[in-house]
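Listed after this line are the structures, all set down as structure tokens.
One chain, subunit A, appears in both complexes that follow, with subunit B as partner in the first and subunit C in the second.
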Partner chain A sequence: MKNTIKQVFHSGKFLVGFIIFFIIFLTCIFYPLIVRTDPLAMVGNGNFFAPGTYISQEEAATEEPYSLNVDASSAKLQAALSVDDLSAMQQWLIKYGGVKESDIDVTDAQKMAELWQAHYDSTVAQPGLIAAKKKYYVRLDKKITAALKDSGVIIADKDADTGALTESKTIKETDFINTGDISNKRTFILGTDNFGRDVLTELISATVSSLKIGFIAGLIATAIGLFLGLLAGYLGGFPDNLIMFITNLFTVIPSFVILILISYSVGNSARGIMMVALIIGLTSWPWTTRSVRSQVISLRNRDHVNLSKLSGHSMMRIIFTDILPYIASYVVMAMILQISSGILSEAQLSMIGLGPATTKTATLGLMMNWAMQYSAHLNGSWWAYFPVVIMIALISFSLNLMNTGLDQVFNPQLRD
Partner chain B sequence: MKRRTEKLMSILMISAITVSMMAGCGSSTSGTTASSSDSAASTAGASETAASTDSASAAASTDTADADSTPRNETLYFAGQQWGTVNDYNPMSANSNNAMVINQTDYARVLVYETLYMFNPLDGSMKGLLATGDPEWNADKTEMTVKLNPDAKWSDGTQVTADDVKYTFDSHVKYQSSTGTDYSNYIDSVEAKDATTVVFKAKLDDKGKAVNPLKVSDYLPKVYVMQKAYLQTVEKRNNNDADKIKQDPMKDLVASGPYKPYVDNDQKIVLQRDDNYWGQASSMWGKLPVPKYIAHVIYKDNAAGQVALQQGEVDVCQEFLTDVQDMWEKDNLPISTWLDDAPYGLCTLMPTAFFNTKKAGLDNVTVRKAIAMAVDYDQIIASAMSGQSPTFDKYPRSIMGPLDSEQALVDQSALKDLQWKSGDVEGAKKLLDDAGIKDTDGDGIREIDGKNLSYKAECPNGWSDWNAALEIVAAAGKNIGIDITTYFPEASTYYDDMTTGNFDICMWSSPGASVSNPWSRAMFFLSSKYADLKVNWSGNFGGYKNADAEKLLEAIPNETDQAKLKEDYTDLSKILLTDVPCFALMYRPGEFYTVNESVWTNYPQSDDGRNIPPMDCTDGYGIAALYDLQLVNQ
Partner chain C sequence: MKGFKKYYGQKIFWYLLTLVFAVILNFVLPRMMPGDPVSAIASRSINGMQDSTAIQKVYQDYAEKFGINKPMYEQFFIWLSHALKGDFGVSFSQYPRTVADIISSSVWWTVALQLPAIIVGWFLGNLLGAIAAYIRGVFDKVILPFFLFVSNIPAFGMATILLFIFAIRLGVAPSSGGYGFDLIPNASWVFVKSVIAHYQLPFWSIVLITIGGQAIGMRSMSIYELNADYVKYSRFLGIKDRKIVGYVFRNAMLPQITGLALSLGTMIGGALVAEIIFSYPGLGTTMLTAIKGQDYPLLSACTLIITIMVLIANLVVELLYGVIDPRVKANQQD
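Up next is the complex of A and B:
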């Protein structure tokens, strides 16, 4: 046994798969211990906030500032005006502002901004300009005015009775704060999803549920498959025919269709993690049965089995001591594949809205489903779906890699 | 040796897959760009069977594309209205899916068929279309006279007469179309006084007063006028069989509108301008609408429509788009909406969650109110609606929608004490605790009489903003110890559940702005009349009953004193907020309106002073936009 395990870990493929899987597994265990927020809490008030650290604007405004000798106004202008903006400004100035092309230097943002402020008027007739563009110029004008403002931002307190404003602080453009001083902040490494939930925390929690579903479904499917396969293979005759008849029935009907039908008829409220795992497990056993059966058939006429039979051992004992050990490695490999396909099945089910309930658990498929419903893939909100895809890929990749590694160790035909 | 063949095989396989994928991509685009289909077919030659079917379909689509294609700069493209092959052009049909032609709502789509008046939700006014001048009531409000525009003509050149209006109404009633069954409760008959004068006689109650004059006016901007002669042809070819008449596809229709059917298939529906349209008369528009064709490509889903909009293949898009502002703020596309900032559109509707007041637990006002209080509306508006709704802080809950004209009819200060703030979980918990509704068996869910409070909140599958809103309702339930699970069946199953009261919590949209609103919205929320209907499409799906509310609802249609109206609506709002038979989850635009100015420009904008509503250039007075459109490159 020890030797076998040693051999298994010598296989490069198995090792890589195992390490990837182990890292995911450890993350799933330790991340929730460190980050204790509810993975389903709707933190962000809006759709798909981009990854980053969000600091409290109120605290930042009230924090004691540091003065830095940085020419902030030109930096602000540079940041506010892109090359496209500048050329759009040039076009407007020539066409509607009555400025000569020779007077415009597109490369100098400062001068452009001054020229713009001198000539731009949103109320002037702009024939031939589409509404979207007019609105764009209004926004651009606001941006330039804000960037050029040198008086600073005034913070005022409102008198509760009279409603009069009294100035309490002015934020100058040379005022900076150290982000480390801000205590009120929240980091979303992978942004938020369409409900405003923290994607990373949700992703880990979803991976846990997916692994649970995968393991339970894999266990159930392997158990059923193994039991029926052993029975059919060892007994032969009528039991074999009957079991194979049923198995063939299930093989012919695509299991995903059965999966959909059962999940649909169970109804939303009953579909928890366990139920989904059970349904997946109950629909994916046929191929395990078939392959276990064929392995058993090749084993049952071997000499040691016949000897056991002659010795009058019971059927159970023969199966457990003379047959099972020979196919154990195969069964483990089959189970790994079942786990992997269980995770994929869950993702597929949740994608079409037949998975567990959104408010009760996070699953990988549900995350994909909502990202798609709110068209994250069209809006460039990659953080809402890409990490999920990667996670699903990594899990099934690592499991399959482990399976191939095991195969190489146990299958004499594949040994180098 | 074996290894080598394996490697060779895998390389072959991969190249075969790549080639077939490329071929697949090529032929799928060939539907839209005919020129690429040839090259795609030749690439597909790699795999025999796929190639033959592909090239066959490509050839077929090339043929139809050539025959049907309309010049881009003469065609206005739509998205988000038509989702399947058009089945008929019949305004009396019960199951017409023809969204581009038939839409008899508060602001009817008047591209092909026309109504007597056009409604403008911006100021609540009606403008004459087939009619001219305002409708006039007689002194005791039992008869309404409408004058037809003498210039109005059918597409076959004959005059639109009062007889046509009469015959249309009579047909609706005779063949029991949904319009007919609804309005025959309020309109006794339509008479043709002379060729251009129509008299609507209201149904009278036992006191000799009109049952509901509001519903009579409501008919005018909503129901299409059909030609008597054509209707008679249809009746004749269907042997006067009511069911057959209602199912007649009417592809050879005679209508009065500026467009006529041109092409419809499983790819698109196209309407062509009728250059003899009567509206060129100076008494109406004085000109023809600008686009020669109106086209709607049938997209697979919202996402496909959104991509087409972003690429400039669609001009007017009636779809809910997540973070719509990103299209112009981040992607710099020539796309805009009615308003530049949130809520972006003209919100008139109130998608509302109804409690089934006949279910144990939900018959308890405290439970209903607690759920309504715990819901995080700000979250619904910011995430489920993507900011495309004003908040309940700005327009507090009442019978009224978020239009200033409607808000003027309610006294918000009187309702202040009844309002609840968004996501008030603690308040809701306290309410339940005080009422003795507690969790006694420690499973985290409260009970009444030992029974867990456990409910299903349902709405149709795939209506993403509604689905998300109900998820947030479910989350609220979790926070206060009431188990709410969401349930999203297919639309048809949902309709059965909703209309027959087979639900715990369901969701439906209130009527928007119209001639008969806010009255019909108050009916929708509160009317006991709807409570016992066997099949209820009208409102109050939860079977709530309140005699006081009913009295007010009956009095309002005949009330003309604005102060009294305001008082009544405020009282109704009080009942709504006290008894919570239903609660609005958000405000929503009557129609989403996002336009791309790649080809066409001069669409209605909120600040252009033209008073044209953002009704997708097709509905009610929104159609006025079609007459002002301009090409960008001209």
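Up next is the complex of A and C:
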């Protein structure tokens, strides 16, 4: 046993898969211990806040400022003027401002704004320009003037009795604060989702529930598959025919369809995480049965099994001592694949709206489903679904790698 | 030739039997939903009605329509006789369209998307796997692990990735639908071009997923075959390398064909979910609307048609197998 494990860990593929899986597993255990907030707490008031650190605006405004000699106006200009604005400005300056094209550098917002202020006049005749466009240029002019103005923002206190405002502080353009001084802040490494929940925290808790679903589904499928496979392979005859008939039936009828039908028939109220795991397990056993059966058939007529039979050992004993140990590695591999396909099944089921009907827990599929329902994929909120896709891919990649590694160890023919 | 007939006869009989079971499952399972699905639907249409006799009438009308006042087996035969004529009833979520109408407008989108995508992916994957087994080196070390990872991305995940890169960021492909939303299906050139443009992303997301899995299987099969005795013997005989590769490829291909038959159901399931991401007007999206709208006649018709599609595809693969595999051929000729 010890030797086998040693051998298994010598396989590069298994090791890589194992490490990836182990890291995910450890993260699932330790992350909730460090970040103790409710993973489903709706922190954000709105959907899909981009990843980043959010600092309290009030605290930032009242914090003692540092004066930096940084030219803030050019940054402000850059932020205010889009590429379209700049090219529109260029057009106006050439057409009506009498500026030569060679004098204009569209990429330099600062110079453009200076040129603009020197030449723009809304009262000048602008032949060939529609009214809407004229108004657009007036607005653009205002925007530029506002961006260049060095006025500062005034903060005022309201008198409780009279309602009069008294100036308490002016925030100048050169005022900066150190983000480290702000105590009131929240970092969303992966932003927030459509409910305003922190995606990273939710992702970890979703991974836990998805792993749970995969594990339970894999366990059930492997147990059924192993039992039926042993029965069919060892007994032969009528039980074999019957079991193989059912198994063939369910390998040809796509399990996805049966999964949908059963999930639908169970109804919304009964479909919790355990139920979904159970349904997935109950629909995915056929190929395990098939492969266990073929393994058992190849073992059934081996000498040691025949010897046991001649010695009058009971069927149970033969199965447990002479057959199971020989197919154990195989069963473990089958189970790893079942876990990985169980996680995928849950995700697919949730995507078409038949996942766990619960709002109290998140699963990877449900996160994906919500992101799609709120069109995260169309409005560019990549943080709401990419981490989920990558997590599913990583889990199934690591499990498959482990499986391939085991396969190479136990099937020497496949070794390179 | 007589043996072939027997082989095909057996296969076809077996698939018909499976079909019967699939139909029964399709009928029974949605009807096992707790509570009476018909009353749920009826209660939606009587919502806001005051007149109690009218409510009673609506309810009875629905009960009659679905024959829920009859025993299960009788319902089944009524449903079956209608279904055989292509009548799956009326959809609830898209009333007054019939289920048959909705299915017939969506099923071709799915077939036209998935059939070529799976075949192309299968061919490319096998080619890649065979090349990887033969060349090894860079191919084996870099490209294969990459595809191994890619093949583990679920189809819908690949769909979102392609969508994000090509439709949202680069803006070179349309993001959703099967054709431009401003068009009405017709035979014009504009429409065909729009369909082709919308076809790209769903197609390639399925192809990319398929390639990885197939390539890995083919690679290990080819390596196994390359080390087989007949290859060594052929080398001793001085047979040209090209010819040997031909033998190896052919032998390694056979398990891949069986593998295709076995994984077809899973592949189609995954691809159906990928359709949803693109709001492609196929069966996947139809199924989603059916589930959202609690439209069980539509849902069960969708699942039935998918089952039939998979059954037909499987049957074709198995029949092809009979032609290709010399062992089956030899068995039949005895």
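The definition used in the following text is that the second predicted complex is superposed on the first by the 348 of 416 C-alpha atoms of A that agree within 3 Å, B and C clash if a C-alpha of one lies under 4 Å from a C-alpha of the other, contacts with A are read in each partner's own complex, and residues count from 1 in each chain.
Keep in mind that, in the parts below, contacts are C-beta pairs under 8 Å (C-beta built on N, C-alpha and C of every residue); 3 or more make two chains touch, one makes a residue touch a chain.
It should be emphasised that the depicted structure is a prediction, and the values quoted were computed from it without experimental measurement.
Asker: Which holds for A:Ile5: it touches subunit B only (first), subunit C only (second), both, or neither?
Answerer: Neither partner.
Asker: For A:Pro254, decide between first (touching subunit B), second (touching subunit C), both and neither.
Answerer: Second partner only.
Asker: What is the contact status of A:Tyr136 with respect to subunit B (first) and subunit C (second): first, second, both, or neither?
Answerer: first
Asker: Does subunit A have more residues touched by subunit B or by subunit C?
Answerer: Partner with more touched residues of subunit A: C.
Asker: Based on the superposed arrangement, let me know which partner A:Leu33 touches: subunit B (first), subunit C (second), both, or neither?
Answerer: neither
Asker: Check whether A:Leu310 is in contact with subunit B, with subunit C, with both or with neither, and answer first, second, both or neither.
Answerer: Touch status of A:Leu310: no partner.
Asker: Tell me the contact category for A:Gly353 with respect to subunit B and subunit C: first, second, both or neither.
Answerer: A:Gly353 contacts both subunit B and subunit C.
Asker: Touching A:Leu378, do we find subunit B (first), subunit C (second), both, or neither?
Answerer: A:Leu378 contacts both subunit B and subunit C.
Asker: What is the shared patch of subunit A, the residues that subunit B and subunit C both contact?
Answerer: 267, 269, 353, 372, 377-378, 380
Asker: Subunit A touches which residues of subunit B in the complex?
Answerer: Touching subunit A from subunit B are residues 302-303, 306-307, 310, 321-323, 326, 328-330, 332-336, 340, 376, 378-379, 382-384, 386-387, 454, 456, 461-462, 464, 467-468, 471-472, 474-475, 478, 484-488, 597, 601-603, 605, 608, 632.
Asker: So in the complex, the part of subunit A that touches subunit C is made up of which residues?
Answerer: Residues in contact with subunit C: 248-249, 251-258, 260-262, 264-267, 269-270, 287, 341, 344, 347-348, 351-354, 368, 372, 377-378, 380, 382, 385-386, 388-390, 392-393, 396-397, 400-401, 413-414, 416.
Asker: State the interface residues of subunit A toward subunit B in the complex, per the touch definition above.
Answerer: Listed in rising order, the residues are 40, 42, 44-48, 84, 130-133, 135-136, 138-139, 194-196, 267-269, 353, 357-360, 370, 372-380.
Asker: Report the residues of subunit C in contact with subunit A in the complex, numbered from low to high.
Answerer: So the residues of subunit C in touch with subunit A come to 14-15, 18, 21-22, 25-26, 29-35, 148-149, 152-154, 156-157, 160-161, 163-164, 168, 175-176, 220, 223-224, 262, 264-266, 268-270, 272-273, 276-277, 284, 287-288, 291-292, 296, 299-300, 303, 306-307, 310-311, 314.
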